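Alright, structures below, take your time with them.
Okay, so chain A shows up in both of these, paired with chain B first and chain C after.
Up next is the complex of A and B:
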């Protein structure tokens, strides 16, 4: 039985505008469009369309649009179209459902239920255009002992730090999951901005070693591309314990995505599956984690901070407390709306907790235990705007990781089919003809534009609060008020409801 | 250079001395559990008398380490090149994600030896265990060669359960007459009457030379050779949604 599933989106072509130039046909790796010589016109097969908008953007006469299909099964609040289709797909194949990008389900987005404060009359606002506004952040262990040398001078005992010009970094996306050109754009943008991008677990291409001072190198359970030079090149080393989109799940890059270049960067054979086991099989405890942290510190002579990245899960506060005592310099927490190149649908949509709640509970826990200064906190998954950044910092983060926003800046249209590997925008693909569509010059410039704009907005918002340094905003939850949140939510977030004064 | 470790010397001091030393020949005497010795090291030979701690030779990048004693867990983690020779036993997770170089252990080793070991171009990692080792040998193995020789008797199986779970590359040689228990189904086992040629023969001859063993006795015994079933094992699991 071949069950036809009506496409979720349809390609609509305005015949009055279409000039039959066939740009759409050449641009679509999914082969949606073709010129019908009998009919003498362009036709489209919507069943193949992933709604990436490549054709819509490139059609010179704007003759194309993609619309949500009107076709629906008999309306049912419990069994929605997508739910039914998923059953059909699994009944046909017996496969585990695989999806891309972050959780699309309508869970509460707490950023949108938190409002920011501003100064009025007393403690006047500051105009960031006229007055200095500090957004520089240092990440690393802040606590240090006071030690004096023989002549009574202070010795520098501060642990190594990362200096960020703004509290925003590009989070981990591996070469393999995204393209060479996308990696180049991220590396160059991070360098120009004075911040960092993250290699993800796929190693570092030799061409990008020059961007090492702005690179965070990742070490995951598969240890792909991890060797001495790689560790030495990065400004910091991140141990990936988990990812927000798929907590408790490992990674699996199919052999067909392991091109010659990806193979050289990961240091694995071409065409063979790259499997990252779900756990690090040498880490079953905080003591074991400490061992990996110190083996990395030993092999790089204690010159760089070590980040431990975990997914936001139910016991994240206790886990973070352990990490803060393990010798890690920075904890990165990834919320359940974080993106991914591929994750089992059921995991992505049902596992983990919102980053807002995870962050608030981790920051509170570390403060209660007097170990907040042991580590910096970086949060991601998903930070969508400068307002989200400001709210995250006021909740207790030192800096934010962005990735979905970064790929959007490079041209991604969030069609959520990265797992197929035919990204028409040249981002989530290794197909050479598609990769070359992404111009690294343009993509780097767009990334710089985005982060620069956000940083201006952060300064504007801080100025409005009468705060002139990002340090003074960190953990300043009095700057936040909740709307439409219940008492438990307010308690976890550690904020008052809108309308409540001090 | 000789460093006398003892109970008092902290691993950071010991490792700094090894790193900073201008001598290429370093001896560590009376080693008492100091961790991370030789992490990321290249261009030196470190001889250890005593018991080094966990993560000996992690990210090793060409240095040679010899241990006259027992080694502990996570030895040779993500090792890239070089060699580690242990005259005693090794611990758990020997050669985790090892990509190149050789680890020779004269005695036994623990669980998860060679987990996620992988080969890349001219890099082909090798682990040889003289005695027995625990469960999950070669788990997720993606390349390289592991050999377990079972020297000293076969009253018990020479490897534990679930040998080669998730294996998708490389080779495991077990010097035994009996196939180990609970082999996962994606592993193929082939019986050999002995080793008479190829890369594995060269490796085993080097091993025998290293420890003064009789080549004929080691190579002439029956072996099982385990390799992954060549069918791509995982991609059919998924349905695009």
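Up next is the complex of A and C:
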């Protein structure tokens, strides 16, 4: 620990409640707690604490809490404590600052500045407990041509589709960045829910091929673990061009996370850093992208939809327009608040744009150009609740990707130190003793609970609007009103201000 | 009958079950009051292996319990549904049961006068085994496996 930096969080123990069971000591991979035999009591070293709350949650008498340190430099609105500490940290190490999970900075959250409509008097709300409420979504190219066979019968020319029971999928998290047990939980939950999880760029462990019908396999710039069986096993193939947390940046999985199993799955040597280049070295244009899309389609007999995932950046609408013409079936857009196992802090906190604005501009652009039906749109990058899902769909998305919410459901407490690899919750780690802390039976159940609860809420919200099908909500921006947004923001979002009628 | 089973694959060796057991059988409603500053005598014990293996051991409620057969005072018996129980008022503290139990699941109680063992939290206010209820990783389960 840097001598310049006072610990940001402090472990506070209530001595009246602590029974000295030492559960906190046994459960902390950062070795914060220990029992002092001379003092005959538990003591804690806050400098090592990452505020993951493992000890707080497991303490049987609730004797522990973690509080934000009140230690402060002279108050300065420009040079805040964290800003100063980051300078100290870099002065001590000479390194690029690394962070994990999504951008925590106080940028506007447009979801929270958008309000939903409900039916009153002139159009009745619908009770989802008494009447059918359709949340099934099909993702893929919806446009098809009318072609008849020799006998005049219609031929099915519909492109391959993904069927989701609810407009929610688990977004890409690679095996390597997250543990085997976390992957198993996601795979099992997606299967039970009738939706999909995403392998991320780390390949697919052979044990999980059985969940193939609910797996989206990713092809990223590092091409880790990509081979024929992998592509054939997935229900869809996702080409990852970018990630919301670190647009324009590749990936770097440290060698210590490349265990024997990860090495076999990724098809790279054990213990060697796994570097994903920033670009795909064979893609420098939409035409190049089209070649990869059709290579993947050709190798899987045109049976699977191909997703192209991009980070939400300034020019995202034009990029999406190109992708919609490139042969892709689905565009996934990842907003600037999207999570990550590790990203350079400056990139994570300063690059990209909010998903709400990106989604609205992409949907509008594709509609204007008459190519919206060429593709489905999936959005991710901090979808935090069912209300966010409903708002995203009303802004024009076909479905949402969730990952931060999913890892939270599994136990993550957003301590944002995934990059260290010592996740006390057994999620973002490859250390066997830590991985076993995540029982996939429990984690899968919690994931299923979360998404089921959200789906119930989506049905309730839709019913309130008098809408009985997710299809009728998609792009229905009249169901949205902005509060506290300026003209430009309203124009980009394509919504009216609260108080404005039709 | 339903028994407590342990899946060592998920046992973290956190030892919470020991404290939850001691609390459950303390007769008190406040854990800190019940256990603070005291040595605990739980009916469940976590064995910690050297290679990262942990296993919470308690009474298996054997179908032919050697402890019941060895009890000279008739304190140990098997209920109709198969739970092995102890009547401490009959126990003379010979601890033959402690010696014969192949699992080490019976031990002298806190004052050393009688034996104690897991009775599936049927004799306290928990209603269901407290170790199972509080296992953070579902390593200890309460199931009928026939």
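One rule holds in what follows: the second predicted complex is superposed on the first by the 499 of 502 C-alpha atoms of A that agree within 3 Å, B and C clash if a C-alpha of one lies under 4 Å from a C-alpha of the other, contacts with A are read in each partner's own complex, and residues count from 1 in each chain.
The criterion applied here is as follows: a residue touches a chain if its C-beta (ideal position, glycine included) is under 8 Å from a C-beta of that chain, and two chains touch if they have at least 3 such contacts.
If you're wondering where the values come from, they're calculated on a predicted model, not measured in any experiment.
A.B. asks: Does the chain A-based superposition show chain B and chain C clashing or fitting?
C.D. replies: Here the two partners, once superposed via chain A, fit next to each other without clashing.
A.B. asks: Is A:364 touching anything from chain B or chain C once the two structures are fitted on A? First, second, both or neither.
C.D. replies: Touch status of A:364: no partner.
A.B. asks: Quick one: angle from chain B through chain A to chain C, Cα centres, nearest 10°?
C.D. replies: Here the answer is 110 degrees.
A.B. asks: Given the touch rule stated above, what does A:386 touch, chain B (first), chain C (second), both, or neither?
C.D. replies: Neither: A:386 stays clear of chain B and chain C.
A.B. asks: Now for A:63: first (chain B), second (chain C), both, or neither, which partner does it touch?
C.D. replies: second
A.B. asks: Looking at the overlay, what does A:275 touch: chain B (first), chain C (second), both, or neither?
C.D. replies: first
A.B. asks: Contact-wise, after the overlay, does A:432 reach chain B, chain C, both or neither (first, second, both, neither)?
C.D. replies: second
A.B. asks: Going by the contact rule set out at the top, does A:214 touch chain B (first), chain C (second), both, or neither?
C.D. replies: So A:214 meets neither chain B nor chain C here.
A.B. asks: Upon superposition of the two complexes, what minimum C-alpha distance (Å) separates chain B from chain C?
C.D. replies: In the combined three-chain model, chain B comes within 28 Å of chain C at the C-alpha level.
A.B. asks: Spell out the residues on chain A that touch chain B in their complex, using ranges where they run on.
C.D. replies: 86, 89-90, 92-99, 219, 221-223, 226-228, 231, 252, 254-256, 263, 267-269, 272-273, 275, 277, 281-282, 291-292, 294-295, 298-302, 344-345, 417, 419-420
A.B. asks: For a test of understanding, state which residues of chain B touch chain A in their complex under the given definition.
C.D. replies: It is residues 11-12, 15-16, 19, 35-36, 39-40, 42, 54-55, 58-59, 61, 73-74, 77-78, 80, 92-93, 96-97, 99, 112, 115-116, 118-120, 123, 139-140, 142-143, 166, 168-169, 232-241 of chain B that touch chain A.
A.B. asks: If you look only at chain C, which of its residues touch chain A in the complex?
C.D. replies: 9-10, 12-16, 18-20, 23, 31-32, 35-37, 52, 134, 136-139
A.B. asks: Going by the contact rule set out above, which residues of chain A touch chain C in the complex?
C.D. replies: 16-23, 26-27, 57-58, 60-61, 63, 432-433, 436-439, 441-442
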